[in-house]
Amino acid sequence: MSRKELLSKIGLRQDGRRAEELRRIRCKLGVFTQPDGSAYLEQGLTKVLAAVYGPHQVRGGRSKAQHDAAIINCQFSMAVFSTGERKKRPRGDRKSTEISIHLHQALLAAVKVELYPWSQIDVYVEVLHADGGVFPACVNAATLALIDAGIPLKEYVCACTASLANNNVAMVDISNQEETLGGPVLTVVALPMSAKIVHMEMSQRFHLDHLPKVLNLALQGCKDIKAILDDVVRQHVKDIGSSTGWSQTNRKQ
Amino acid sequence: MTKPLICVPGQRLCILDKTHESGQGTYERQGYIYSSLAGVVDVVDKDGVKVVEVQSTGEQTLVPTQGDIVTAQVTILTQDFCKCVIKCIGNTVLSRTYRGILRREDVCATDKDRVQIYKSYRPGDVILARVLPITEAHTYNLSTAENELGVVIAHSEHGYPMVPISWTQMQCTKMYTKELRKVAKVVPENMNTKT
Amino acid sequence: MEVESNVNLSMREVNCKLGMFTRPDGSVFISQGETAVIVGIYGPIEVKPHKILINKASVETHYCPKSGMPGIADKLCESILHNVCEAALASALYPRSSIVIIIQEMQNCGGIIPCAINACCLALLNAGTDMKFLFASASCGLDDEGNFHLDPDDLFLETAAASFIFVFDSIGKGLIASHTSGSFNLAQYQSALELCKKAAEGIFDFYKSTIKKDLKDKI
Amino acid sequence: MAKQFKSLHPTKFYRDYLNQDIRPDGRLVSKFRPVIINIGSIATADGSALVRIGKTTVICGIKAELCPPKPEKPNEGFLICNVELPPLCSSKFRPGPPSDLAQITTRFVADLILNSGCINLKDLCIVKEKLVWCLYADIICLDHDGCIIDACLLVLLTALKTVRLPVVQYDAAIDKKTIDASVKKCLNIYNTPVSTTYAMFEDKIITDPTTEEEEISSGLLTVVVKDKELCSIHKPGGSPLSEEKLYECINETVNHADLLITLINTAVSECNDDNKNC
Amino acid sequence: MNLCEAEKTFILHGVEENFRVDGRERSQYRPMELETNVVAHAFGSSRLRLANTDVLVAVKIETDVPSVDQPDEGKIEFFVDCSANATPDFEGRGGEELATEIANSLTSAYRSTKAFNLSKLCILKGRKCWKLYVDILLLECGGNLYDAVSLAVKAALWNTDIPRVLAVNLDGNNVEMEVSDNIHECVKLDIVPAPVMVTISKIGEQCVVDPSAAEEQCATASMVVAVSQDRFTTVLQSGSGSLHPSTLRESLKLGLEIGSKLDQALIEVLKQKPAKKQIGFLM
Amino acid sequence: MPTDNKRIAGPEDSISYRLFKETSNESVLSKINNLKNNIRSDGRKTNEQRKIFLKCGVVSQAKGSAYFEVDNTKLIVSVYDPREIPKKTDYSLKGELFCIFKYAPFSCPNRRGHQQDAEEKQHSAIMKRALESAVCRHEFPNFQVDVYVLVLENDGSALSGAITAAGIALAQAGIPMYDTITSATLAIQGSTKLLDPTLEEEALCTIATHKSDTETGYDSHGIIVLAILSTHEQISEFYQLGNLNLDTLNESISILMNATKEIVPLVEKCLVDYVNKTFKANGQS
């Protein structure tokens, strides 16, 4: 075969998923004690940790502070052992600074920053294992950490990747294997309920007519991810609630 | 000159009791006074209590503390404060300068709020000032709210030295133009500075 | 000081364009033969707190080579440009401000330093910053047989026994800067100095004509 | 009181002194500071020297290493000299990458060594295209009190004269190098460039300035002389200087140079007396 | 996290009566959770949670040319990365100083050949050897970092399996080697003599083991002791503060006891059958 | 590390010629054996220190400076008076000490780089900890005193020499200190304890050798650096490398403490001479 088929004849992918099927997402809130909010997210084999500090006083001189809104300070860093080949430096190279900026734009669209003037919110993301779809996993983990920190959000920010398989069938949530096989990858960061696109990024290329198909699949992917995250958050809040005894469900039984 | 008693940091000087007290350059630990500088020990008698002090011979390592009289040079002037560079503390010249700030309300004691900074100081003037309690990390708050404090050396716009002619005016020696300054009442040289 | 006959006084053909950038206060593109330089001047602007000088303007020069990060050779060139401009500028008129001079090397076919110095002078004129005097720079090479070659290009410089770079001021024609390489004796140095002084007068006239032409277009 | 006046108005302070052609520390304007040279102080280096010009102290250590030559220059060795102005020598320098002054001095000293031809890189070649000597000359300033270029050049030349290189046999086939450490051969130095620096202060020329005089001067001039020939006249800008003054400085440098060269040779010859094998 | 004077005296009195703030005695450790094989890409990995100190260690192996002055030994390199998740101060280059301090202490602890025998990592004398990259990621700082890091590193090295080299041949000067790729046939490192670090802090007059972040704040002086088979491989001080010789001797003795006890406990835990299900961060 | 274009970089693949010298006839093992029955190459007894030359006030530009020479170990320290701590906003009650320990590129048998490597960073951290307990840091709140050490030639126990010299430089700079600090190094191989070891002896003591050819157990070996405040008998820094059991460690502590007692009079004499000289100079003017 010329190159491995992204999608076999009966519609199954390399790792056995169907075209529009997401990888298994498992996440947990409140992983650490010291940060105000923290979250751990596994999307397939990609494992990401996020921590949120804030809102607190702006560090490093008041020049950066804004009088009407909080400033969001993001830092993305990948563990040295997260990729197959050992990375020389965890952060500070161009790629991680670029991802930090994109993460900053994505979160700026969701966090109600106008509630905290003159203050700063720190969002730190650490990738433990990178297996494709690193940036979307970071956005989802950051959202969970913000929720865990109790910072008011307009809406969940979810991100998902989508691609076009060889016989023009759109696929969602691209793993590392499929990325290295050279298929085009469209990364979409969206507010799922109001279906607004916050940030869109595309690598490689495919014909324009396929764009609506791939884009809708990606947005649908974001909605599904939002649903999964939502269940986990509600379950987390219920657990916390029942342990501190204020949730009605507990009183009813 | 009797042979001076020289001490080394950590040298035990004397017992700590009613009559003896530790002065500048010494510290107390477990009932004894130790010297913290390498220099000459001298005992100063202050109303019955002997204060043990150590003078280090080279330039002392001085950090401006509250209440010091410092010589500073004005660098930047704005509406409500003027930034200056502290060059000497008392008589010792500093090899490294420290940053000072003189707020508008600390310029003179009387009618604090009607003071215009540009009428009292100009960039490049050399002033005498007192250090106020330290608030910020690295800049020292200065005040010239006494008669002896204020401008000591000033140059006119044309660059010639100026002579004080009243509390608020100085005159250029060449062009006789008058400029407004808050002049320091400098006590004549031989009166108070001991060598 | 009679100048030996075997000296060719031909300078490489110089053309320049003034004020082609909008953002900097003064800018110039100069090409001397194939060597080309662009200089941008940001006239008295806000100064960084740690660089402030009370009684005069602080002059900053940045020399950017054609490719890559500025190395050590560019640092030496930058220091010569910095000192020449600082001497020429009447910086006492702009206290507590800063004048930034940025030199971008476009093509270096020998004689990059004199070309850059002349470009700085023109750029300062274009920016209208006050100057005590104008300055012009000329370079000459000395080959093994001992005859001089004005404004040498890089081919000549490779084989040259020595090369001289001089900068003169427009009033007393005093020597502002001199940078030499290779070895030579005092007599050769003196004749090189005279030769370059003559060339410098040519460059001062060149300044006058370009400024006249530039002002004529504007009115 | 003098110290306060000096810190507040340095230029005025100096102007009063220089009008009487004398400096605050009592030296005449045209007088040079005492120069002290001592060699071979570092045993771990292959050649070392220490120079003190007044208070300015500079030390140079040369270490020799073996390496294949550059393809485009198969029969030339390397002489890598770097001037280091650490924060140790003056409060002007901050820890971290080399300051601008350090880079400029490194570049100028490296150019001088190349221009003056005092050392021929071909002497460093052991086997053409295979193996050459690479001399790392590290010049470190221990106390910065003006005229750093003169001190660096002097210490580098003296150290180069004290270098002792072992004889190397190289067997190309099996890339084996054998070092015979007993026989030591020294480098032949073709000439000794020597420099002096002048500072210009309002139409007065100060020879051998200290670091304060360098700061208040309006320009520096460094003249490098190599046995009666000029090696470089380096005036990186500053206030214009008339020709007569320039030629005056050149003559002064020429006769001061003889003094320095005799100083180096006596210092080096002493060191030769005790190990005769050079 | 800076405490006021009252809190410090409260902790001080707790230590005096040998009943610390969280109910422990002076030489008692907080509960620890250890898990190995948590990182898929790595040859060996471990994660250790000591109360709220969280450390993740991964060991990667690459081939390298042995250093010129020890031709018959492999190499080991420690790299510590303080993730900003722990505290905002670690953002950017903030955590670099602490990271180099911990990395240096590990290098000096593992330097003596008795503690960790590098000659086993040599493939071909002078030509090729294994290089072990031990990467330590600090996820949360809850005090007593040195102990947590040293235990996690020892567990990760125990978990490391080095592919067995079947054949090595040398032609000209490049080396080919053939490595067996079935997982079960791999070489385990001998880590029994590997050192374990114990931090002893002096609070008031008493010496305390496993200080929490608050206790570290009010310690006048603290010392890190690396113990391997009742011998010291390195002793260094962390944080400023001076010790009286008698307290120094006393804390060395205490460090030795605690170190050997901790070592045995770790070896036992490592020998148990690992739990089937991988927990990771989800529990 | 980013390529260092601020210096002239030499060829990367250059190797020191000393490696190709035929190794000296005595093998390493035989050197260790005669160490064991305490014969030292330079004829010193095991607990005898080399003669120390100390001089302060050597760098005119620095506030305080000291030169320390022991046989072939030569180092220079310079101290600057307090300056603001860069990049620090909150108010800290105690002053900081900023130490840099650097080997000169030509100071060791094989050449060292221009940038600080891991070992030099560790030595700087050790020196900072040692000096921090000796200096009254509350006297210059939120300012920083810089201490720069440059080792011109390294022939063993450079770190302990640096700590002693830094103590003198700080005292001469007029920085208030609780006590004079002195430091010593001890190298242990088997049962012999070598005070103030040379570079070669330090190298020999980092190699683990078997107790005797038959037994498998290793002999204890290691290097200990101890810094102590003399009058208050407080150990301000204790750094040990190698593999030692508890009683050798306890013995070493007492040996090192008497060794530092021998250095204290030298330090005091150096400071007293300096004070005398400047006092006379001030006395006249």
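Read from first to last, the chains carry the letters A, B, C, D, E and F; within each, the first residue is number 1.
Here is the rule we use: a residue touches a chain if its C-beta (ideal position, glycine included) is under 8 Å from a C-beta of that chain, and two chains touch if they have at least 3 such contacts.
As the structure is a prediction and not an experimental result, all values here were calculated from the model.
Student: If you tally contacting C-beta pairs, which pair wins, B-C or A-E?
Tutor: Pair with the higher count of C-beta contacts: A-E.
Student: Looking at mean CA positions, which chain is nearest the middle of everything shown?
Tutor: F
Student: I'd like to verify one number: the distance from the centre of subunit A to the centre of subunit F, where each centre is the average of its C-alpha atoms, in whole angstrom.
Tutor: Each chain's C-alpha centroid was found; their separation is 51 Å.
Student: Please tell me the distance, in whole Å, between the geometric centres of subunit E and subunit F computed from their C-alpha atoms.
Tutor: 27
Student: Centroid from C-alpha atoms only, then distance subunit B to subunit F, rounded to Å. What do you get?
Tutor: So the centroids are 39 Å from each other.
Student: So the centre of each chain is just the mean of its C-alpha atoms; given that, what is the distance between subunit D and subunit F in Å?
Tutor: That pair's centroid distance is 30 Å.
Student: Touching two or more other chains, which residues of subunit C qualify?
Tutor: Those would be 72.
Student: Can you list the subunit E residues in contact with two or more other chains?
Tutor: Nothing qualifies.
Student: For subunit F, which residues are shared contacts with two or more other chains?
Tutor: Subunit F, residues with two or more chain partners: 6-8, 15, 80, 89, 229.
Student: Over in the complex, which subunit E residues touch subunit F? Could you list them?
Tutor: Residues 68-69, 100-101, 103-104, 107-108, 111-115, 221, 223, 228, 230-245, 248-249, 252-253, 256.
Student: Within the complex, which stretch of subunit A touches subunit E?
Tutor: Going through subunit A, the ones touching subunit E are 26, 28, 31-35, 38, 40, 42, 45, 47, 49-51, 53, 59, 73, 75, 77, 79-84, 86, 90-92, 122, 124, 126, 128-129.
Student: Applying the document's contact rule, which stretches of subunit C touch subunit B when the two form their complex?
Tutor: Interface residues on the subunit C side: 52, 54-55, 95-96.
Student: Using the touch definition up top, name the residues of subunit B that touch subunit F in the complex.
Tutor: Subunit B residues touching subunit F: 1, 4, 6, 8-12, 25, 27, 29, 34, 36-40, 56-61, 63, 95-96, 99, 134, 136-138.
Student: What residues on subunit B touch subunit C, complex-wise?
Tutor: 73, 75-76, 123-124
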